[in-house]
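I'd like to ask some things about the structure below.
Chains: A, B, C, D and E, in written order; residue numbering restarts at 1 for each.
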Amino acid sequence: MTTLTEARPPVTEEKAPRRVALRPGAWVVWGAVVFFLLILVGIVGAVVVNSFGKKWFGGWLPKGWTTHWYGATWKEFDLGSVLTVTLEVAIAVVVVSVIVGVPAAYALARRNFPGKRVLMVAFLLPILIPPITYGVPLATVLYKFHLAGKLSGVILANLVPAVPFVILVMTPFIEQIDPKIEAAARMCGAKTWVIFTRILGPLLIPGMLAAAILVLVRTVGMFELTFLTAGADSQTLVVALYYSVSAAGIRAQQEIDAMAVIYTLSMLVLLVVALRFVNPTQLVTQIKERD
Amino acid sequence: MSQTKISELRLDHVTREFGGVRALDGLDLTITGGEFVALLGPSGCGKSTALNCLAGLLPLTGGAISLDDRRIDGLPPEQRGFGMVFQNYALFPHMSVRGNIGFGLRMAKVPKADARRRVEDALNLVQLTDHADKFPGQLSGGQQQRVAIARAIVMEPPLVLMDEPLSNLDAKLRLEMRTEIKRIHQTLGLTTVYVTHDQEEALSLADRLVLLREGRVQQIGSPEHVYTEPANRFVAGFMGYRNELELPVKQVNEKTVVLDGLGDGGLTGVRRDDLGGRAVAAIRPEDFTVGTGPNATEVAVEVVEYQGREQAIQARTDDGVELHLRAGTRLAPGDRVTVSVPPERVLVFAAESPAAPEEVA
Amino acid sequence: MSQTKISELRLDHVTREFGGVRALDGLDLTITGGEFVALLGPSGCGKSTALNCLAGLLPLTGGAISLDDRRIDGLPPEQRGFGMVFQNYALFPHMSVRGNIGFGLRMAKVPKADARRRVEDALNLVQLTDHADKFPGQLSGGQQQRVAIARAIVMEPPLVLMDEPLSNLDAKLRLEMRTEIKRIHQTLGLTTVYVTHDQEEALSLADRLVLLREGRVQQIGSPEHVYTEPANRFVAGFMGYRNELELPVKQVNEKTVVLDGLGDGGLTGVRRDDLGGRAVAAIRPEDFTVGTGPNATEVAVEVVEYQGREQAIQARTDDGVELHLRAGTRLAPGDRVTVSVPPERVLVFAAESPAAPEEVA
Amino acid sequence: SPNSGGGAKDVTPDKVPDNPKNPVTLNIIDVAGNLQLTQGMIDEFVKAHSKVIKKVTYTKATAPELPGKIKAQQSAGQVQIGLVLTGTDGLSAGIDQNLWVKTDDYSSRIGNPNYQAPAAKMQELAQGHGMELVYSPAGPLIEYNPQKVPNPPTTTQELLAWAKAHPKKFQYARPANSGPGRTFLMGLPYLLGDSNPKDPKTGWTKTWSYLQDLGKYVDYYPSKTSETMTNLANGSADMIATMTGWDINPRALGQVPPGVKVTYLKGMHWVTDAQYAVIPRGVSADVVSADIQLIKWMLTPQQQAKAYDTGYFYPGPAVNGVTVSMAPQKSQQVIQQFGRPEYDRWISQFPMETSLPAEQQTAAFDQWDRTVGGGKVHK
Amino acid sequence: MASSAVVRPRIALRHRLAERGVDRTLLLLLPAVVFVVALFIYPFVYGLQLSFQPQPGSEAVSRYGSGPFADYRNFFGDAYLRDTIWTTLKIGLPAALFNVLASVPIAYRMRGRFRGKRTVTTILVVPITLGTVLTAEGLLAFMGPTGWLNRILLDIGIVDHPVRLTHNYWGVVFSLVITGFPFAFLLTLSYLTGIDPTLERAAATLGAGWWQRFRTITLPLLAPGLAITFCLSFVLAFSVFPSAIMVGEPARQTRVISIAAFHAAFEQYDYSMASAIAMIMGAVELIVIGLVLGWRARLYRGATGGKG
């Protein structure tokens, strides 16, 4: 056993110098992040403070506080049901657009076929062309088939830009995944559907999450198409919000702010819920980074 | 997915091109059920391509594949029901080892309890029980490879395709895994197509060897056949006839031939080709013996490599011909020794016979 | 990046944990400049981990690495200037073969013309000139591996770390590449740390072998030393002493020992440990000879594997002890033969000596 | 074509029953903020006439998008909106595109509302395709902070001089997005004595050059009236354009300090404003019937009194004979506290002009955008 | 053998098609294509043909007659309209570029593992929920002349008059950055984490410093994703509308093309002109995106990890 260890001085207990000091680049980046966040706090803070303020005629803070504005808007727009509708629409659009969009993105990412360019343009157009142009005829079609004026119409109309959006976002994600992994799944007898749900699904979660969040944001914020196809009981929050911002007439600034805060809060809840479930960093890499 | 056994798998002129270059060029092969076929050939000769075509992962550029007289080359991989061990493993990064191995069983809707048992068995087989809950990213190379093997084998598919499944394992483990693969192959009556670059593995496992070169078959035959009677100079070179001595032909007999330039009496060997003016004698290093005997010649030892009980020797004759041989006795560079080789161990090919390529395009 | 040669690289108690499990446990090793060190050990024993720690890709959990008495374990990999061939290649998928190989030279701002020449040389070396413009995704497994080798070697780094660089190459090519690696190592005076699972490779290439098991060093020594005098039962098993026969001790002498149960006169071997009641005799299959001689015993042949000139035999004594041996003569299952082994080729360890693990945790 | 009612089929008046066969669910869409004034009236109607309307749903939206929505429904033959409450913009867009039912056909059933004279003029803008519900003389008025502006301007020239002396302290919002902004714009031709106050393209030479001069001292044009109010409140502006409702209501809401004052410029003509109820073509006979009854109800003096609200559209009622004292208690209290007695005087004192028809308004906004708001680019 | 000889041509065709990328995988496109055709193509074609039918009595017709291109000629003939393209590009391009470029280094830093990473990520993504209205209101309140920001600046003494940060070009750009950055960041971060870190390690052993690793390994592998991120950010920024009005100077500096379209559609009720403007808008975007995607097509796109 003499070969096992060689004579050597005792190991020094001193810790190796680690790369702890941040490089200048890092300082700049983190500085920029902090700056951005400060601005953000200011912007959000100003609105939130005002929405609770009684009167704010300049000065650092309003004179007096109240929650009256929230009650007022809530009542005026019956926000309870509006929020429910918004939630339903948002979730339906996200789910359907992901289900329809991801397979299409898959085909676009994995295959080069004649006519692909034309198809890409066809998928790009709904994102590029403002709804002004196609909103009314689209709504006509939907009314004709008795789909508009209720939830289904709002959902369908919002899907028009959402599906291409998902396709566009997901294509690079799918390109990143090694096709060999799919091949392996097929060799295990997995059909296309299973490949999507069991193999690509989990690997694409960060991408789908990103796409879903963005679609969600766009849907909740999509005024024109929603308005054109909504019925009395299928209004979404943004319609109410736009009304309060740009409709004729007088309303308290605080009330608008209160509504904006409600809008943001409801989106925030959705976002945080989404982020709780999945982290926007890829599972795979996470595991790799553990070493 | 047919879990029934295969009775015949036929490849008819299977061809696959990549951008005009034929990676696989008219492969004709009939595999009978329960056979263990090994694909051999230099790096880049089309072995993986052949497996991928068989599995249905690459569309064919030409030819046909039929299983028991049913054309299957149009079938998607999941409907062929073959198992495959990928050269690069292709493990599911988001599933634990257990999840990876059990995936196929879940697909086949094997009852939970049964599946669990089979997964545990497979884990045991590849000696990964302790790592069952790790993810592929947390495994060593060899561990990953074993997961890939287990994942394919646990399905007990009628046809298993294995692409260098043991390349990252140490000698001891490789031996064990090899035995296991053989055992499974036999007990389950599977048909196996196996790619390896390890001759010993190929020889000991396979019923039949297929030698490929630049996408074209060079020889198909039993291990012994290929080993002792390589069809051409390329196969000989690839099968371990490391000494390829290009020498002028002195005398051609019916079965044997005498070449000039090695030893005093020339080099007598077995004739394998029609011969022109020059020929190539192919000799395995281990067929040389140190000491006088047939075809004796004196050489100077140049390089000695330690290889345990034996040494790998590079030596040179006085005529400047380089020889590779193995010696059990200790030699040192500079030593002069006489070596000999029995004529039946010397294969003589025409110099034009396809050579083991320096470069495989 | 220091292109100067290394004079001494010292690993002091280098330790690396993954979530509490020690993949590398107090590795002490001093590598002198120009040395060729091979790391050996079963799959998952920590070889890649050791290389990664050396390269600076994994932070240490404990211990220190010093290069010529300078602590380097805090340095980022790019400042260490070591070259590395990754076990999984890690080729840049968006660069051509040429681009991959030339990457390091571009980073080092080697003049264009010079770099081009060196890349071409490296391409030549790994026989990929014809594939120079392909992308990694278009290469076969072995071709990718050769790119990985070329990419590391073209830099001529003072220390090269190679993680199973030849595992996906065929025998012929492996032999050639092995020679090239050795040649480069010698002509450039590089220091090389080499992981392999191929014993022959390790024995013939390395100046020194390091045997690892579960992250701990088992033996460090010259190939011959490790081969003939394994430090313990584990090393013996790993180095090819495939027969590990646990038998009762009959008689203990100063240097030798006689065990009960094999042959009539017992099994005489070299004593390597202090012995208790039972001991383990480690014997290589190739050390058995068919025929009478010392330690003769009669066995029944059970399994015969074709391995070319030789056969791998699995046989059993009348006492039920299983033996692995090799035979040049043809045997068939059921044959009864007498086999013998010289006592100096039988190593006897205490039964408690660490065994080659069935399962490597 | 975009200008037709598409597939909308009109019900002819003879098909419209006096009472709906079945009580209807009425979808009311408000694009003018009109519900603030009229929701009380409607709710009371529904309570009192559950046989006519069993339920109302309210939708609020902005005017511009409304025609598109109605048109989509009409082209599909699926009109779901039963009644629209709109300002002049939505009204005339719909008239242009033939979206509204001709209410004149039902004048016998509605009866002749006893409109005040200026309100009656505003009703003419509806061209028989809608009924005016509320009315306000609006503006233009100047609102200022008396602490900063002890002597408010009394003429346009004084205003210009003041603005010059106090750059960036006078503000009015972009007319296209602001009631006071557009009232100021439409009132200026009268104040300046332009050749044709009804024709912004050719008849407003003085107005345009005045606004350009004034623009030199205007910091920027907010895109919402409320922002001018905020600026007045926090001191970044000292004088802004306003109108009656925008003077009273924000102070009542606490947006603007109660102490600010309002004045007018010499030569003032009121530019009146009104809001209407219109019925989209293509609704069922029952809905038309319910609409007619509802409109009639809303035009009774008792209901009209609710239009005083909190000074939001001051005064509000469109018909004669409605006094503050008839309004709900809360209205009375707000008007008492934040109303200005001088308004009644000014309303009777100055001539009333209807606001421009939508087309001319658009032209005026466009011109303003090009030459005043965007003028700085081209100079 | 006879039977297989008969079917051979059919199968060969299938293989040939597969070689060109036509196989059953393309069926996956079907739902999306059906969707786009059913719900988008008809309305879009309707809008397109509308843009070639100038509205009688409109300004375009009075100037350029009732030919199919009158609306387009009107748009390009009127500097006030034509300039909106330039104005929009001037806002949209820098904002989109900034969002994408700024998100790269931050996302790059966020890849590694550190405590609180999830929190920081979430906080950076949160502004996505603000919506244009809150952003606009917040900008006006916070950055307005009497807002907190100006108060702070005045109190510190950096400036002696309030700085105008709203109701001009910058106001709109700020609002686009605040809502657009998280968008770009979220995408970039997700694309970035799909890249196998081993590749960077390999580059490190070849002597590449962090910047070189980033430039030669990470960036090229990220580029296809960045291209898409840029396209989407650009589309968002190019179609900026509410904030151009609320925090911009809608008559002048921030008179973006969608204001012109809105004006035509909803103030003049000239839908054909609005369609024409929208088509022009789409065309401009398509040109920019076409350039970017054309560039993307030339990049490496494929697996960015794994063995080989």
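Note that contacts are C-beta pairs under 8 Å (C-beta built on N, C-alpha and C of every residue); 3 or more make two chains touch, one makes a residue touch a chain.
Just so we're on the same page, UniProt names per chain: A = ABC transporter permease subunit; B, C = ABC transporter ATP-binding protein; E = Sugar ABC transporter permease.
Computed from a prediction, not measured in an experiment: that's the story for all the values here.
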* Structure fact -> Ordered by label, the neighbours common to subunit D and subunit E are A
* Imagine the assembly minus subunit E, everything else where it sits, and name the touching groups. => one piece
* Structure fact -> More Cb-Cb contact pairs, comparing A-E against A-B, go to A-E
* From the centre of subunit B, which chain's CA centre is farthest? -> D
* Structure fact -> Taking each chain's mean CA coordinate, subunit C and subunit D are separated, in whole Å, by 90
* Please report how many Å separate the Cα centroid of subunit A from that of subunit B, as a whole number. => 52
* Asked: Roughly how far is subunit A from subunit D, going centre to centre by Cα mean, in whole Å?
  -> 39
* Asked: Once you find the CA centre of subunit C and the CA centre of subunit E, what distance in Å lies between them?
  -> 55
* To do: Provide the list of subunit E residues touching at least two other chains, using ranges where the numbers run on.
  => 23, 50, 146, 196, 198, 246, 262, 265, 271, 302-304, 306-308
* Spell out, as numbers or ranges, the residues of subunit B touching 2 or more other chains. => 76, 88, 90, 138
* Please list all residues of subunit D that touch 2 or more other chains. => 65, 68, 177, 224, 234-236
* What does subunit A use to touch subunit E in their complex? -> 23, 25-26, 29-30, 32-33, 36-37, 39-40, 42-47, 50, 58, 60, 100-101, 103-104, 106-114, 116, 119-130, 132-138, 141, 156-157, 159-160, 163-165, 167-169, 171-173, 175-181, 192, 206-207, 209-210, 213-214, 217, 220-221, 238, 241-242, 245, 253, 256-257, 259-261, 263-264, 267-268, 270-272, 275, 279-282, 284-286, 288-290
* Under the touch definition given earlier, write down the residues of subunit A that touch subunit B in their complex. => 178, 180-181, 183-191, 194, 198-199, 202-203, 283-284, 287-288, 290-291
* Where on subunit C does subunit B make contact in their complex? -> 18, 40-44, 47-49, 87-88, 127, 129-131, 138-143, 146, 163-164, 167-175, 197-200, 203-204, 223-224, 227, 237-238, 240, 242, 284, 286-287, 305-309, 312, 356, 358-361
* Asked: Which of the residues in subunit E end up touching subunit C in this complex?
  -> 196, 198-199, 201-209, 212-213, 216-217, 220-221, 299-300, 302-304, 306-308
* **Residues on subunit D engaged by subunit E in the complex (per definition of touch)** => 1-3, 64-65, 67-68, 93, 96-97, 174, 176-177, 219-224, 227, 231, 234-236, 362, 365-366, 368-370, 372-377
